[in-house]
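Please go over the structures that come below.
Both complexes below contain chain A, partnered by chain B and then by chain C.
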Partner chain A sequence: MNLREAQVVIACVASRFGASTVFPILQHQLDKSVEFSTPVTSYRSLQEGVFLLRNDFPLYSGGVVHHAPLLVALMSAFNNENMVSLLYACADALVAYQLIAMARSFNNSSLPSWVPGALYVINPLVLLSSVSKSSIVFSNLAISTALLTALQGNWVCSAVSIAVASYLSLYPLTLLVPLLALLRDHKLKTVSTTAVTLVTLLLSSYKINDGSWNYLFSTYGVIITFSKIIPNLGLWWYFFVELFEMFIPFFKAVFNLFVVSCIIPFSLRFHKQPFYAFVLCLCWITLTKSYPTLGDGGFLLSFIPFFKPLYGYFRYSVISALLFIHVTVLSPIFYHLWVDLGSGNSNFFYAISLVYALGLATVLVDLVWAMLRIEYDKGKPNLNLKLTPI
Partner chain B sequence: MRFESLCVWAFAAFAFGVGGNSIDDELIIPDETESAGSGDQTCSIFGTSASSQENIEMEQLNTSSIEENVNARTSSEIENAGIVLFENNSIVRYPFDEELTLKPLPRNFMLASFAFQMQSNNLTVGKSEVSHDAYRHYTVFPKSLSPILEYSQTRELHLRFTHGRWDAESWGQLPHNGTKSGGSGVELWAVIEAASRDEAFENWIMLTNSLSGLFCSSINFINMEKTTYPVHSFQSSDQQPIPIFDTSKKAYLLRAALANEPICTENLTPFLKLLPTRGRSGISSLLDGHKVFDSNWHSLSMDVETVCDGDTCQYHMDANIEMVFNVQNSLARAENPIPKPLGDAELQCDESKPHNAWECFPLPQSKHIKFRLSELFGKKVVGSNLISENPSKVCAQVSDSWTVYLDIGDSLFSTDDNCFAIRDNELHDLHFQSDDTAHVVKSDDVPLFVSRSLTGYGQDGGGLRAVFRNPNNVTVDAIYFESLPWYMRLYLSSLEIESEDGLEIGDVIKSTFYLPAIDRQRPTHLEFNISIPAHTTVALSYQFSKALLKYAEYPPDANHGFEIESALITVLRPIRSEMRTATLLLSLSTPDFSMPYNVIILTSTVMGLAFGTLFNLMVKKLVTVEEADRKAAAKRSIKAQLIEYLARLKTNGNKTNQEKKRQ
Partner chain C sequence: MALIERLQRRASDWGLLPRLLQLLPRLAIISGIIGFAWLAVYLPLEGEFRRTYISENALMPSQAYSYFRETEWNLLRGYRTQVKDLVNKHSDERNGILGSWLEEIGVKTAIHHDPENRDTLYGVWNAPRGDGTEAMVLAAPWFNGDGEFNIGGVALATALTRFFSRWPLWSKNIIVVFSEDTRASLSSWCHAYHNNLDLTGGSIESAVVLDYPGTNDYFKYVEIFYAGLNGELPNLDLVNVAVHVTEHEGMKVSLNGAPESEIGEDDYPGRMQKMLLGIRKMALAGVQTCYGNEAFSGYRIQSIVLRARGKEGPFDITTFGRVPEAVFRSVNNLLEKFHQSFFFYLLLAPRYFVSIASYLPAAVAYSAAFILASLDNFLKSNKHLPMGANAAFRISLNTATTFVGSFLASFFISQVFLQWQKPLALVLASGLLSLIPLFPTDIKLSLAQSHQLKSIAFSYLSVVLTSLLVVNFALAFGIGLLAFPMIFLANTVSPRTGIKNTALLVLTNPFICSCLFANIFESQLPNLEIISRLISAWKELGCWTWFLICIGWLPAWITVAISSLPAVFGQSVVDKTKPLDVDTDADADIKKLQ
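Up next is the complex of A and B:
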């Protein structure tokens, strides 16, 4: 770890921890904003879980707690708010460091290894997400750990990390597929290790939750059934508010299928570029998951610097950049117009969630297109060639 | 909602005096004085129907013969029925008592409390009313209620219809220490005997549906979402154990409230029908929808309890109707239905301020007042109830600056304690007179003042803040009960206390019962055991966020907001009393109700766009544009193929024709 990389990591801790301790109100405001906080990631409900756990109230019998039992138990070990801030800052710094380590592992890259980390640190979406103490930080950490250790060939660590990530937020389980492509051998062992770890985590949660399985619905059931209808950046909340009752089960199935639909195609089509396939899958999950936040988007965008050779092929880079700016600027405004002022209506915010989905979709399409182009050009960019899919 | 609209119609019809030819006619619930339907039911004692005043007056002529008359008829009926109800053959004695208490309150208000008590005949435990060989004799206990209680295995039933605001600051403690009044709207709780909680809930739903029909209100809207099983609150005050008929079963306490239920005449009419007098004689003859619901605060309550002594059980029923009205407003309205300014002779000016022919600051309340009960209620008391051993009682709780007379046929009577027994069948009236209306009997001290409000401004979240003020010299122990709908997602961890005396949460809240809400299945159920030290004010506040509802779950007036039922405070020490906070209006964010198809189309388009484009890129091959063009050109289109085929057919046909011609 050279000086510049150390600076990046320290800057990460300092910025997160500083923002949390100097402006504690910022955390409350961000935690109430729908862009950074959802029922399944909000720090407020995590605190509620800790409170209920400490006072021996039922934790998962209804209520607002949708975090994994072990995470709640972990957080209940911290009594000091500053310690919690430090924990979040360190988790985020670890992600930044892992991005640096990933860049270092691609040693043929023209990119200085500290750049992805630095971009992650200064990315406002990630910064705000971390300050809001959204639990998405922990699943992001687990995902990046899995990815880094897979790149390094450490399949045990990778399998355990992806199991932890799936334990925390379910959808990363699908990332096991591109991860297997990334690991050249020990595939069966990886799958079984992941399964064993996951089962262990679930069993210990069962144990910790006073021998009750009711946490399964509160944590994963809520994700699968889209049951907490609270405005967010996803495509579905308004859909299920407006849809006629009898169609809802069908469309819930459609949305769930939609999440997994592209995982295997990406992994198969780009099995020669497994890292790239992994990022594509991550992007697809970010687009289709049931409770997305801008923190997911920020984490995803931190992987874009790794694909510097593809930049020349991007067709919609301006459009996607504009779409993202559009979302980040207008989303809080439109939400405020609807919910606080009452001068706008729900369609305003719904439009923003559509724009966000479009923004992510253009990034995804651009990445796929660019990779197909560079495959066609056999690694030697020929930007003047006009190609079309038939 | 049907009942609500019915209620509004009934109101409108009354208010505007809709004529008999109106379309709305069939919706009007007839006034109890006009309802002839139950006339013959009451006649069994009177002999002839007493539906009009002339009839009553005619009967008054031979008042002396009534008792024998009644006696003879009743005993002959009893003989027909083949059982002996009462040992005493000299007078009719049914377990029924009624009492009207009138109590002037500060600022020209008046509290009128109607109390009715009745008991059923003995129940046979373990013998169902539905079996063929069984029969039941009903005397004063309402026949409509008893089967409902039996079907649903209800051992205790408490029903409240309340509306308006009780001003505890100036009126003091609620009547009956608050145990007979509910939160705004309808409140219902019952003790049901059942083998399991599910069975208890099934019985509960049966009970609510029956009561809904009986009382003409939306009690049938009570469902899982609104039902709680109170743990510390709503316990009966007397220490008698609840009788269990089948020892293998248990007693379950269920409770629900409908805060948005309007209370109106169509709830009063069935209420009066439960009384043996049917609102036709005794003090209940005063009750008239116009007057009861024109009050500032009114409460209709009904409590049924099963009381067992060994193997014999009885239902004991208390029915109470209470109202607070402004005497001057009621008098003015009776005298002059269309309000107009007072003449200068009638104005009472504040003499501490400048006053002359042109200038007058009216007194906040008139000092001198003189009125009759019949002016307030629009009619006189129609005799005694005539079926009880105890005469109907009318009491006035007044200070010594008031004088009260009973008026029977223009002769006035007075008593020392201002309580009057109405014995005979004449029209009775009460005269009130005071030279200092501000001097009233002091109400009991309120043990605790409680108010609750919503905080925050957004439609996605907010807070609840309950303020407790103990004005007494002793610590008050109480239970705070709250049931909140599931779309208020409560964060109990955000519970904060504000206190000028530096009290901590642990000093005030001794224990907590908390059951979080389940979406569409269970409300949030919260009970705090609180203890407020003497002369302190404490505010408890906590935060919640709001969920969105589905399209069809919003009421038609979604932007009006959702009524949050009142919280109950049961004071345990120093005296046992109950009080409720006002209801709250919670506004939820609403979707655009015109959007269903647009949303389906737009969302599906974006999903299809993303998936379609990616799918296209992944399954297709990349080629240069020139190559693609060449391939497209090389590939003959279907249209071209078809034209070619047709052309070939045509040439073939021509050839065969030519060959035929040649032949």
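Up next is the complex of A and C:
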């Protein structure tokens, strides 16, 4: 790690920790905002879980806690609020460092390795997500660890990390598919290691949860069945608010199928560019998952700098940027109009979540098109050749 | 798909995109012109607006006979004679006497003490047929917005309370409020009601403020004010009910204080004028004279002001009293909240409105104009960008720091002038800063830098306007319109452009511009009055307009002002001679990625 990279990592810790300690009110505000906090990632419910665990109450019978039992147990080890802030800041800094390490592993000449890390540090979405102490930070950390270690060929570490990520928020389990493409060999061993780790984690959760399996529904069941219908930036909530009761199970299945539907196609089509396939899958999950936050979006955008050679082919970069800017500005305003002032209604906020989905979709489409074009040009960018993308 | 493909091929054959990019500056100007024309010219056209209607069937305005008639006449006059004697009394004494009358009627009273904004007397009359969770407010400030003693209003409110209390049909509590004025004390009461008052009567659904200064028996017509703070409007149904009831009683209605001579003008210029008046009223709510409905903004309360105008005329004070009576009976009928989607409208006449989908494009056009101008400047700055990653990076960094600096400076200004109220200093400083293009300095900006600064300023302004679109349409439209000349700013390369730029900067400076606007259109806000009013509106009512102007408009203006520092010409000529070698390292990178 050279000086610049060290500066980036230190800046990451300092900015996160500083923002949390100087403006403690910010954490409460962000934790209440639907953009950064969902029932499955909220810090409030995590704290509730810690309280319940410390006082030997059953964790999941109240229906408030949706975090994995081991995460609650981990958090209950920290008594001091500042220590917790430091933990989140360090987790985020570790992600920044891993991005730097990924850039280094590409030996990209045109992109100094500190740049992706620096962009991650100044990305306001990630910053605010980390300050809100959303538990998505830990899932992101596990995902980026899995990716980095896979790039480095360390399949054990990669398998364990992806198991941890799936243990924390379920859907990353599907990322195992592109990860297998990334690991050239030991595929079977990777799968079995992931399975063994996951089973170990689940069994130890069972132990911690006083020998009860009810945590499975409260954590993963809630994610799959979307049983807590709370507005968020995803595509699910509005649909299930409006739907007739008898159709709900069918469409829940459809939505879940939707999440996993593109994972294998992406991994197959781009198996020669596995890192790229991994990011596409991540983008797909961010777009279709049941409880997304802006933290997911920010994490995804941090991978865009790696595709600098493809920039010439991006066709919607201005549009995507404008969409993201408008989403971050307008979503709290429309939520305020709907919930506080009562002059707007839920359509206002849902319109914005559609805009957010559109923003992610333009990024996805742009990435796919750029890679297909560069394949077509046989790896030599030929920006003067115009092709119709249909 | 084939059709899209063909269209796209055709477009690229014609070179549509490059041509459009060249036309960007013109498109931006056209977009701005369309914005104004859409609102002022297009919407008042016959067929573009709709007649109002009552959306919530339960309201049934004027379906019941109103009983506030001759039987109440003497009571009302009696109260008025008594209230007239209170004119010169201290507020404690006035509140004490009025409170005792209310207690006699059977209304529970309390006084909200606020040493800063003076005391407010209020009474809660519990509904005989309700569960006490909802309430309607009847407010009569002791002094109205113009500072006149509200004799008729206070007497009427008392008489109406007595009248209401004898009826068993109420399903919502009735709260009467006698605040000292229509601004700070009423808004302080409203804040306290939702926070710490002991005597309360449930959530307030509607509020009607009565304004009848003087002891005259007769009046000419009724004025209705409805524009709330921060772009909030009461539900159109409530305004419709008030208009309907008033006209049903035979009185003429004027909205937003339009002069009497213009009532009933149902022609194109009349509609246009009234709509623009309404927009001005919305944009300057809280800054202009407040008649009382502004105090209820922010708590989901639908509020209007009824004012009796004219000293002589065919209608007597009980006729005026029948308006709140009928409005209260209508609101009393409500079983749910007011209907959704009736919160965004512009009124062109008491019975004509346009809804959000029709008028929103006007403000969207300004937002689009700025985004187009920003895009244009962005492309131009890329054209002039020096070769080499470092130089380009330095320019971007300069732009970013300048913008952040202007933002922080604007925030600082907004805070400082909140405490240190010297509008003159603010305007003078703005004027001085506008002279930037003429400064004989050694600092010369590169063209790339200048364009990039403009680009970031315009895109910021566009985002601000977009975010205001729905929340406060009138303000978004106003800021868009007044700041629009900014996009005409050219690079300062000669003294002549320098003078032109200075003129444009003076014209678009938030403070100078709003003062000019107020002096031309608002007779109540002469000279620099508008700036101190903006500040007091924040302090007394919590109106954000001051901050929106300081934090939304000013940073863009400062950045644009800096961008019009004298620029160096010719750097681009040098750049163009260099060969374009963009793709050489990219090649290598792609191979590595694969």
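Rule of thumb we're sticking to: the second predicted complex is superposed on the first by the 384 of 390 C-alpha atoms of A that agree within 3 Å, B and C clash if a C-alpha of one lies under 4 Å from a C-alpha of the other, contacts with A are read in each partner's own complex, and residues count from 1 in each chain.
In this text, a residue touches a chain if its C-beta (ideal position, glycine included) is under 8 Å from a C-beta of that chain, and two chains touch if they have at least 3 such contacts.
Being a predicted model, the structure only gives us computed values, none of them experimental.
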Which superposed partner A:381 touches (first chain B, second chain C, both, neither): second
Partner chain(s) touched by A:329 [first = chain B, second = chain C, both, neither]: second
First, second, both or neither for A:106, with chain B first and chain C second: second
Which superposed partner A:369 touches (first chain B, second chain C, both, neither): first
Larger contact residue set on chain A - chain B or chain C: B
Touched partner set for A:345, first chain B, second chain C, both or neither: both
Which of chain B and chain C A:5 touches, first, second, both or neither: neither
Touched partner set for A:296, first chain B, second chain C, both or neither: neither
Overlap of the chain B and chain C footprints on chain A, listed as residue numbers: 342, 345, 386, 388, 390
Complex contact set, residues of chain A against chain C: 106-111, 272-273, 275-276, 306-310, 312, 318, 322, 325-326, 329-330, 333-334, 336-337, 341-345, 348, 374, 379-381, 383, 386, 388, 390
In the complex, chain A residues that touch chain B: 32, 34, 44-45, 47-48, 50-52, 55, 57-58, 61-64, 227-231, 235-245, 258, 261-262, 265-266, 269, 287, 338-340, 342, 345-347, 350, 354, 357-358, 360-361, 364-365, 368-369, 372-373, 375-376, 385-390
Chain A partner contacts - residues on chain C that touch it in the complex: 1, 4-5, 8-9, 12, 232-233, 298, 300, 337, 340-341, 343-344, 371, 375, 463, 466-467, 470-471, 582-583, 585-594
Chain B to chain A touching residues, read off their complex: 457-461, 486, 489-494, 512, 514-519, 521-522, 545, 547-552, 589-592, 595-596, 599-600, 602-603, 606-607, 609-611, 613-618, 620-625, 628, 631
